[in-house]
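Both of the next two complexes hold subunit A, though its partner changes from subunit B to subunit C.
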Partner chain A sequence: MSETQKVSASDNKKKDAGGTTILFFLIGVAISLALGWIIFPKLLYSKKSQPIDFSHVVHSEAVGDCDSCHFFREDGTFSGAPTLAECIDCHEEAQGDTEDERIFVEEYVAQNKEVPWLIYSEQPDSVFFSHAAHVKKAKMSCESCHGEIGTSDALPIYEENRITGYSRNIWGKNIAGIKKHTWDRMKMNDCGECHEEEIGDKGSCFQCHK
Partner chain B sequence: MSKGSKHKDKKFGMVIDLDKCTGCGACMVACMSENNVPFKENESNKLDSITWMRVYKLENGKSFPDADICFLPRPCMHCEGDHGHAPCVSVCPAIATDYDHKTGIVSQIYTRCFGCRYCMAACPYHARYFNWWDPVWPEGMEKLLNPNVSPRMRGVVEKCSFCHHRYQLALDKAYADGRDKIEEDEYQTACTQACPANAIIFGDLDNKKHAVYSLKKNPNTFRLLERLGTNPKVYYHSSREWVRRAGDNYLKHETTKA
Partner chain C sequence: MKIDRRSFLSLGAGATAGLAFSPLPWKLMDDSSIWTQNWPWVPVPTDGEASYVDTVCSLCPGGCGITIRKIDDRVVKAEKKDSDNANSGICILGLSSPQLLYSPSRIKTPLKKIEGKWVKISVKEAVAEIAEKLKDLRKDKLSHTLACISGSSSGTVPALFERFLKAYGSPNFITVPSVKDVYKLVFSLSLGSPYVPVFDIANSDFVVSFGTGLLDGWGNPAQAFKAHSILKDNKKKLIQIEARLSNTAAKADKWIPIKPGTEGVLALGMANIIIEKRLYLNKNILFDSVTEGFEEFKALVAKDYSVKAVAEITGVKQEDITALVEDFMKAQSPVALFGRGEGTIPGSLHEMMAVNFLNALAGNFNKAGGVHLLSDNSYINWTEPILDDTAYYGINKKRLDGAGDGKYFLAKHLLNRLPEVLNSSETSPINMLFVTDSNPFYTMADTKLVREAFEKIPFIVSFSSYMDETASMADIILPNHFFLERYQDVVATCGLKPAVGLSKPVVNPIFDTIHSGDAVIFIAKALGGTIAESFAWDDYKACLDETLEAKKDIMDKELFWVDESGVFNAFADAESSGKFEFINDKIRQTKPYTFVEAEGEKKQYPLTLIRFDSMRIASGYTANSPFMTKTVADTVIKENDIFVEINPKTAAEYNLTDGSKALLTTPKGKAQVRVHLYEGIMQGIISMPSGLGHSGYDNYLAGKGININELIGQIEDPASGFDAAWGIRAVLVRV
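Let's turn to the complex of A and B:
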């Protein structure tokens, strides 16, 4: 008899301890989730501003479509971000009186120094991407991959992954990898997804690798 | 391979005339500089050196006046095997190498390779090489690297790609001009263009208009270790019987397959 009493008493103690354990477990889970989903992503990416504040809207109103500055070379390769040679056509002298304009003309144009633009969509060395195949042949719009940068008034903050050194635009802003637009991410699977839809297969490795 | 593809698949390959090859090694040099192939201070250590294109010297083993030699350039054979079942492709546990049915080119993806070297063991042609070290170029030389070929890191396997980046660039040019197809001379490998004797001919083996189409049918044309069933896309040509015989392990009583 006394033995069974002892057993039930220790059972109660165990139940109390069980409740505390669950509570601490839940607190632990909450802390871990907060660390992983909120704090770690903030620590992972460093924030960098572009050397000069640049408005795509102002420029597209003045010079026209994207390909006025981001053009194809004669051999079919894509020029990417414009160099000083293209800017100098209009910006030999200051256009307007903003501080950035003054810096641009004095520190870059006058000294014939290239602007070290940070490229949001820079891919690893092993990736081959043909703008000609997508824009010229498949007639895709720039927005399909680059989003609404062309209609923006200011350049977004460049976030660099401290571990890999790549731009956050490759992984996407959403840390869970949830995608709402085609331009939200630029990882291999995103290329593959579109290729499967449009062409019917992802293609072989060498189609996009070099 | 896409079934809905409107375009006929290509099968790029080579026909190398061994009677023309002088063994000068221009193809090896051109290949190394085109493809950012790293070199070592001591290139005589063949366990360490990397040569996507390598010229071998064959001898007929006879003494004067019958002595004869032959130089044999060996790129990757881009084996088709049985419907793309190349020896290296079938053993890779990481899918770091695949057979492209649209071009017939066997790829090697360095960022995917984890260096098990199973493909090297599988390749009967020794066309694959392992990077035991990170590449080191003499100071200033890294500025001369080809931007269209990614350099390799320590711990991965590499091999000849038939200068696939040149195919990509040729396609870029074609698309920009509003074309879909490329001409034979728009895509040529670096070794082909470097050969002063014109011994290497490159093109689409399935395209009747390309030189390789008829050259590969010559009765004096053979492939290396053909009887293994690797179905290589590099053909060799020689008018000399002993050279053709050297292309495979023939027993004394066996006749050379013509």
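Let's turn to the complex of A and C:
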């Protein structure tokens, strides 16, 4: 074998080795991307159903706007998810013959037991949020943060973050945190974004983290 | 294609690079930070509906109108009631009431001590056992050997205990005395009726305070702070006379340091100057027509209280005394305050009478900015209890404390005499003791003597809500509800008028406790006979409703019922001569004017130890909350070490430096302390706070500092018999 042939074979070997390295590099990238974008979100969230199903449409047709059930108390605090006290007026007796209605009346109303609703928008305790300041003062609509839940016929599946215990609605459906609507995410940056747009300032830490 | 080590390294590098472009690390970082906030031991307040309930605070005698904020059924905050007319206000102790309600040292169920250990019993069992023992005493004609120590003398609960003792057959109902008892004596002697003074500080233009802790917890602290603020806003003067630069002195326009215990001498010296210079004539009072014994008083002060003599005794410069008198009498509405510190120690009767003579000479009774006199009208109009032969026999026995008899003819109750009486007899003259709303083993001076005395008592029943020092020595505890869990009437003042407030339950009792009012009624019913007949009410609530009658509707709405008729209108109202009496037969019976000196030999104990009161340390039946202890400066208490304040010049004489450890010895005891150099205390005097050094309660309080009562003895006031000790002689040695 001539010297030239030797050099060329060695070059080919090097090229081959270089190709393998790149290929493995790309495989590594691909595995990580698949893990991060597809598998990780599936592992991170567990799916839970609400104790009973509930139709916002049926109720808003029957009792009116959101604030009929999600009302402000006399002292300005927000009541959040309704308690039995609010439901009992109509549901002391079963309304309709669905299985959910039967469970609600028999297992909760009759036993005076509160329904352990899973709250999609529940924030950590380190966050102070005033509904009054946003709804009453800034005149924001419920949809701005809660989306179109008010027009839904059934409650969505509750996806619970296995690490934090909070709902997926806080981070948003999109694992990259990309949003199309204002209600797609409820993280601190989303609050800041809106505050910056509306009042020109993200606000200070102690406004929310008291 | 050859797969080698490099390929795997490359795979790893690719995977790492890929991860950086995936959401995984960023999301995990965010989630793990939230996860750390949700560890189970991180306290999180439960969410719920907020509500507000108004009630009256009964943690001190102030009786403030407060509002409790609740989340669902949990009390989360105590606030001042938002009202101008309901004695509304709150102090640091009232603010602590949620902590006190949920305190770990609350007694959760009735307890019985068996072989030194506490055993849970039911209310029924406790009541039955107490009743059984009481029946045995009655059988042996020993009903008078039942005694009761009550923290308060006003309101229906103390009245129920007093009624019980009477119906049972014992004269020995004893209340814990305070400065209010001496206030009443002052006016009893000089105006013929036990009026309770309310000082109109807010409308005064010159306030001279003889050691009164206006900003250190005196009277109703919230109202005192408010009045002080108005005085300051109006740019009027406050002069504070005391040995230590207290908070009140620090905020005053002038602090006049005085040798402790000689305040009364200064007041008489001032009276002498006023009379000598005929300054009282400026006040346009027809002096002869409204006073009695003036000439004799004039001769007395002229003889013994010349400005020179007074300056020597008190350590106040002659020119300062004269200037003070001039300013006081020049003012339109001057007032002289008396009652030392926060007023928990009754103090010297003569000292207070001496200061009150200044008010008389300034003619400020019932005038704006002066001293307003309120009648101690009782709204409790129960029929007399029914007495059987045993009860008659028992109540006609002499009171153990000697109050109302012989040289103690002025006093109604003399708790301070009880330890001596108990210790001087071989067997205990008390066979059973009820202790309600008080913690005498802690609050009484000379703790060692008190303990020795009370250990002799064979059976003690405590009604305390807390495992305090007294409760831990008891044989049976029937724990009372905390004030936020119970109905109770609270005697207070609204502005310058007497009033009664209604404390209402804000939450249901959280433990298996029993209202002390119910406990007495149930014990009475268990005894049967005339005793049960004297307690016809079903329970305390029925008794309270019947007592308050129509007032209750007003109290439900406004929290307080104001007694418009309870204000003394003119001197002619007085039952005796209708005049202010400087000297009369009764006053003459109380021996010549004297000032109370500290116990101990000057040679052996060259220093003088005085106690000081602070808004941040509760020194009475209610002990400090953890929140309050957190606010105490580390020059007062640091971890478990208590500090003694000493003037730097005195400290230098004793080779003491700031923070150094020393042994404090008094004729009553010894304690290891640390030293805090403080220019705000007179030379030769050292001071310590009252309210620390608990042995009972919980880890937040027990073992913190020294209880000053262990170092100070009692000094019986020669005029009244009450404890008048303001300090004791002491020696401090560096260790």
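Things worth noting here:
One rule holds for everything that comes next: the second predicted complex is superposed on the first by the 202 of 210 C-alpha atoms of A that agree within 3 Å, B and C clash if a C-alpha of one lies under 4 Å from a C-alpha of the other, contacts with A are read in each partner's own complex, and residues count from 1 in each chain.
The criterion applied here is as follows: a contact is a pair of C-beta atoms (placed from the backbone, for glycine too) under 8 Å apart; a residue touches a chain by one contact, two chains touch by 3 or more.
Everything numeric here is computed off the predicted structure, so don't read it as measured data.
In the three-chain model built by superposing on subunit A, subunit B clashes with subunit C. After overlaying the two complexes on the shared chain, residue contacts for A:Gly200 are found with subunit B alone; subunit C is out of touch.
Of the two partner chains, subunit B is the only one that A:Lys136 touches; subunit C does not reach it.
When the two structures are aligned on the shared chain, A:His209 is found in touch with subunit B, with no touch to subunit C. With both structures placed on the common chain, the touch criterion links A:Gly64 to neither subunit B nor subunit C. In the superposition on chain A, contact is made by A:Pro124 with both subunit B and subunit C. With both complexes superposed, C is the one of subunit B and subunit C in contact with more subunit A residues. In the superposition on chain A, A:Asp75 makes contact with both subunit B and subunit C. Shared contact residues of subunit A, touching subunit B in one structure and subunit C in the other: 75, 77, 124-126.
Listing the residues of subunit C that touch subunit A in their complex gives 1-4, 6-8, 10-19, 21-25, 27-28, 30-32, 34-35, 37-38, 44-45, 49-52.
Per the touch definition, subunit B reaches subunit A in the complex via residues 1-5, 95, 97-103, 105, 107, 109-112, 148-151, 161, 164-165, 168-169, 171-178, 180. Those residues of subunit A whose C-beta lies close enough to touch subunit B in the complex are 72, 74-77, 124-126, 128, 130, 132-133, 136-137, 199-201, 203-207, 209-210. In the complex of the two chains, the subunit A residues touching subunit C come out as 16-17, 19-33, 35-37, 40-41, 44, 73, 75, 77, 79, 124-126, 161, 163-166, 171, 175-177.
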